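Shared chain: subunit A. Partners: subunit B in the first complex, subunit C in the second.
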Partner chain A sequence: MTARLNQRTLGLMLILPMFLYVMGMILFPFVMNIWLSFTNKRVGMPTRLIGLGNYLFWLKNPDFFKVLGNTLIYTITTIVLKFLIGLASALLLNRRFWGRNFFRVFFLIPWILPSLVTCFTWRWLLDDLVGVVNYLLTRLGLQAVAWMSRPGTALGSVIAVNIWRGFPFFGILLLAALQSIPDELYDAARVDGAGRLQCFVHVTIPGMRKIALIAVLLSTIWTFNDFEIVFLLTRGGPGYSSMILVPFVYEIGIRGMQIARAITFPVLVFPVLLALIFFTSRMVLRED
Partner chain B sequence: MQKKRVIKVLLSAALLAVGTLAVATGKQEKAGPATLEVWLWKSFVAEQNTYMERQFRSFEAATGHKVNVSFLPAEEIYKKQLAAVEANIFPDISEIWVQNIDQFNRMGVLADITDTFDALNARSPFSPLLGTMVTIGGKKVGIPFNTSAEAQYWRKDILDNMGLKPAGTWEELKATAKKITAAGQLFGFATALGRPATDGEKLIQSVMWAYGGSVMDVNGKPAFKTAATAQAFDYLASLVREKIMPEGITSWDDGGNNRAYQTKSVACVQNTASVYNYMRLNDQDLLKNTVIVPVAAGPKGRYTDTVPHALGVSSKSKSLQVAKDLMKYIMDETLYQGWIEQAGAQIQPVYSRLVDKEFWADPYRRAFIEAGVKYGAYEGWPGPASAASGEIFGTYVLSDTIQKILLDNWTTDKALDWGLAKINEIYERWK
Partner chain C sequence: MARLTPRRLFGWLLFWLGLGAIFVIIAFPLYWMAVTSVKPYKEIFSRIPTLVPNTLYFGHYAAVIKDGLFRYYLNSAVVSVTATAVSVFVGILAAYSLSHFRYRGRQLLSQLILYVYLFPGAVLFIPLLVVINTLGLTDTLLSLIVTYPVFGMPFATWVLTGYFATIPRELEEAARIDGCSRLGALARVILPVALPGIISATIYCFLLSWNELLYAFTFISSNAKKTLPMWLSERVLGDVFMWGELMAGAILMLVPILVIYTLGQKYLVRGLTAGAVKQ
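What follows is the complex of A and B.
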């Protein structure tokens, strides 16, 4: 009895640091944010409860829907394309060819580089006057494009940079998943007369499924909450054509000094992310 | 029984953690030499920052106090100051745009430093206009620190080859720039008109004031939507629509003008002396082919937004007297003049006596001191530099308004209505 009690107490003491961390660094700020969203809190000013005022402000504000729409386009497009390019890279790097090991390391470079370096490099590449991309276009007799200055191409530019930066993450996880599929499964399939496409559909995809879903879930959360690429490349401009959730919250809350109004936006959007995590987790944990 | 014990253990541990945190972060009187946190604007001119850093090291050597200085980019310093207010870690001394003085004073973060102002003013009088900008409720809550006037740079070689002259008015600028752009080698004129650039806000204000428009009236009330303002916005939009300015200006940051001129992509830019200093240090050939003139004039005069800066002391500084002593040290007229000269015309002096110094006789620098002394204005002009005018500048209302016209194809009328609604909302909040 005493031994069991001591064991239980030891167990509680060991999880205490994590408990304090969750309470202090996650739960408390989360609850605080929800409370602030019902106030008129501005930088340096006293707080007053205003009920649903901030929620009504955003639900009637076209900027909210524009930024939310941009965020969904940004997230869905980059995830799909990062997945496809990552899968193609993984399939290629899973084959035997000369220099394979070198390329396996080389293709990780976009993922390894600090975001600041990536963004400033791409800012230079896409510069409307002295950028490398426009230089090549004009040398080919084509017209230069103001990539980050047109509403139509600004969002596309930040999406392209996100894909360039993020596809190695999918590639490396999917490569690991490919390598964990036993060769015997392919042999068995071929014995049963399966062709390459059938092997891919019935052996490769099921074998990669769980890891692919985890990669999609993690990348979706990170991409949905992306800040650096948009902030450093376009600041969400021109207008709000490339503005997404987190840089927008930063702008409203810090530069605009409207903390409560800024916090309300992610609180409104939080159920969407929660649903995504819930459904993806269920798919990952579901018994075959 | 066991459950009760578990709850007791957890509660005790939580209380212990909270208590330790409270003691660690609680206010404690500093014994011995003070350590001051100082935030200053990071100039494009490295020598300006280096000189000021040396001043702080000299102060340290003379007094035994320590000075931790951070040089922050113009685009970032204001946001960091706001975050510091909310986190209750406002630095002991900070460089503040004068239009934000009122904001920070209302937030209760600025100390009354009337004694320091009076002491410095007695030694060498400040510009009277700048003195009023740091006065709130009869108290001085800031020390004027510098102004940063803009001028227009023209490629003399391009103008000479085409038989043209530097423009004196905005209409002449458009005509001259149009001819240069049409020649096909480079753009005639360019300045940032985008969200990440304060340069855009300054250009729009220069043009607005020149046409007789303004954000606020002489009493500090919104006066944005007028025929004069509409004329100014139509003018700016035409520079982009007629392809006189490059399309990319809507995404340029505050380095965009510099890059464009330094890479010889445009024939004229409007900027502070940062471009001059780059050429002085790195490209003498380009400097020889450049003429610097005051900002173009409009029907109602010639104006440049000088964005005056002041130094403020935190009302919660644990070393208030040391902070005041440091300000008196670096604002000593002789040391201050040395700093101004190291800045290479990037900033202009706040002491009336220093504007006639030999340093400003140089033909390249003269345009900047003239701009500051004769044509200088600030956010909120012709009214006071208020909290509302500060927020309007800080949230790019003017740049967003012009972008509604350029990118969303709104009419000028509709865009000005939108801008006025934003301005009114900000004004009402600070009223």
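What follows is the complex of A and C.
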């Protein structure tokens, strides 16, 4: 590599592998996804365009609305609870206490655990017959619950596991947000006669706003497209009572081999997803 | 020491209760997984669970290892290490270009990378399957090596661009006056300073690849090519839950993650925050 090489050319050459990869492995499949949704592609069959057939199929199908509803419940419930528990944890971890450094390292473990490990562990904890949760319930004189195999509790169970995995992410980001607020702001507020609650409302909340919003948006995108927890814990069952978007697409497209039908579903929710991505990127890019 | 008032005592109690609750909620499932992996089946399936095992039994570990765990371990390691290396290497080049070069369309490219970092790779698994089939990579480990950077590469680029941008151009220019080429400056000046960012991107990419399941399920079908989480998850799909072996497998899968996390957690946390917040 000579120093005489045109600098502009070198800059473009350095970005080229990244650019080609993004084009070939992300943007091209994305466009292909949309194109295939107008065809009748199935495994081992000739493909031809069928117009809006797949869209009409889903819009007339109650399963679509069931899964969409579940996905929204799954996303909204977990985000709200992850945020609240994460915020409480961040406020606790922001205090000085003995063992704080250890606790902060330990705290993020649920988030870095492989989903498989998380799901195995929770399935075992919530086992109908010999699970320790049901054992404790019966010891307290309550009824044992078939957590994963009853329509009423299956969705709640996967939601709980998602919260367990995700709240540390909120906790760590919100803790970083808390620590980015300069002490002088609190001092100034106190000089002006603000109590603890007023400090929280007028200094802490505005100071955390940006990072909090980014954490919420990021986690919404991830949760909306979550696969493992539902797939490993309930497979969306019983029936479709705990089924959400990505595992559903997997069931229809890969196991049911209805490729075109399956990928029409994400296309139907792309507008929401793209709006979320747009808002998140605006937040990330906005200069203070 | 401040005077102990009832109000202060109440606050103190509330604080430790909250912290204790979080500790138990996180620690108990982990403990239960570990302790189940060393209990014999008679104890695992007894009606009254034991908090501390009566007998220590390592047969579950022997059983999963005998079933060929290490073969899948190796598959996962090959895929994760290669995919991570590719992601971080390409990310470094792209981040260097975006942060220290001037050309038309640079802003646009930088935004594109943020968009694809935010774009969930999970919705792309079916069109990617078509791509993989077209490339003739069906049912190979290479199919995973090629696709896993979908998650990691945009993140690596995004975080590293942030890190590289904090390195003043003067530092790089000084190196070039001393006779370094631009790539020499990257290797000798930029990379050492941005090491924390590189560590954090590496850890993140490795975690994602090591844990990934959806692409593995979609692209891999033959037994010999399964990744570790895929192989382990299929041990559960039957009717009988061999909890001892499942927990032993989970622990073994966890070991590299915990080692890497413990070594690099400081950088990971900083990178996560940097990924979310422009610095």
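By our rule, the second predicted complex is superposed on the first by the 273 of 288 C-alpha atoms of A that agree within 3 Å, B and C clash if a C-alpha of one lies under 4 Å from a C-alpha of the other, contacts with A are read in each partner's own complex, and residues count from 1 in each chain.
Operating definition for what follows: a contact is a pair of C-beta atoms (placed from the backbone, for glycine too) under 8 Å apart; a residue touches a chain by one contact, two chains touch by 3 or more.
Computed from a prediction, not measured in an experiment: that's the story for all the values here.
Asker: Touching A:I221, do we find subunit B (first), subunit C (second), both, or neither?
Answerer: second
Asker: Contacts for A:L12 in the overlay, against subunit B (first) and subunit C (second): which applies, first, second, both or neither?
Answerer: Touch status of A:L12: both partners.
Asker: State whether A:M257 touches subunit B only (first), subunit C only (second), both chains, or neither.
Answerer: First partner only.
Asker: Taking the superposition as given, does A:L36 touch the first partner, subunit B, the second, subunit C, both, or neither?
Answerer: After superposition on chain A, A:L36 lies in contact with subunit C alone.
Asker: Examine A:S241 and indicate which partner it touches, taking first as subunit B and second as subunit C; both and neither are also allowed.
Answerer: first
Asker: Once the structures are superposed on A, label A:V130 by its partner contacts, choosing first (subunit B), second (subunit C), both or neither.
Answerer: Touch partners of A:V130: subunit B and subunit C.
Asker: Tell me the contact category for A:N61 with respect to subunit B and subunit C: first, second, both or neither.
Answerer: Neither partner.
Asker: If you tally the residues of subunit A touched by each partner, is the higher count for subunit B or for subunit C?
Answerer: In the superposed model, C touches more residues of subunit A.
Asker: Where on subunit A do the contacts from subunit B and from subunit C line up?
Answerer: Touching subunit B and subunit C on subunit A: residues 8, 12, 19, 127, 130, 254, 259.
Asker: Which residues of subunit A touch subunit C in their complex?
Answerer: The contact residues of subunit A facing subunit C are 1-3, 7-8, 10-12, 14-15, 17-19, 21-22, 24-30, 32-33, 36, 88-89, 92, 95, 97, 103-110, 112-118, 120-125, 127, 130, 132, 135, 164, 168-169, 172-173, 176, 210-211, 214-215, 218, 221-222, 224-228, 231-232, 245-246, 249-250, 253-254, 259, 262-263, 266, 273, 277, 280-281, 284-285, 287.
Asker: Subunit B touches which residues of subunit A in the complex?
Answerer: That would be residues 5, 8-9, 12-13, 16, 19-20, 23, 42-45, 127-130, 146, 148-151, 154, 234-239, 241, 254-257, 259 of subunit A.
Asker: Which residues, counting only subunit B, touch subunit A once they are in their complex?
Answerer: My answer: residues 2, 5-6, 9-10, 13-14, 17, 78-79, 82-83, 85-86, 103-104, 106-109, 194-196, 246-251, 253, 259-260, 263, 265-266, 391, 394-395, 400, 403-404, 406-408, 429.
Asker: In their shared complex, at which residues does subunit C touch subunit A?
Answerer: 15, 18-19, 22-23, 25-27, 29-30, 32-33, 36, 44-49, 90-91, 93-94, 96-98, 101-103, 106, 109, 111-116, 118-131, 146-147, 149-150, 153-154, 157, 176, 181-183, 207, 210-211, 213-214, 217-218, 229, 232-233, 236, 241, 243, 246-247, 250, 253-254, 257-258, 261-262, 265, 268-269, 272-273, 276-278
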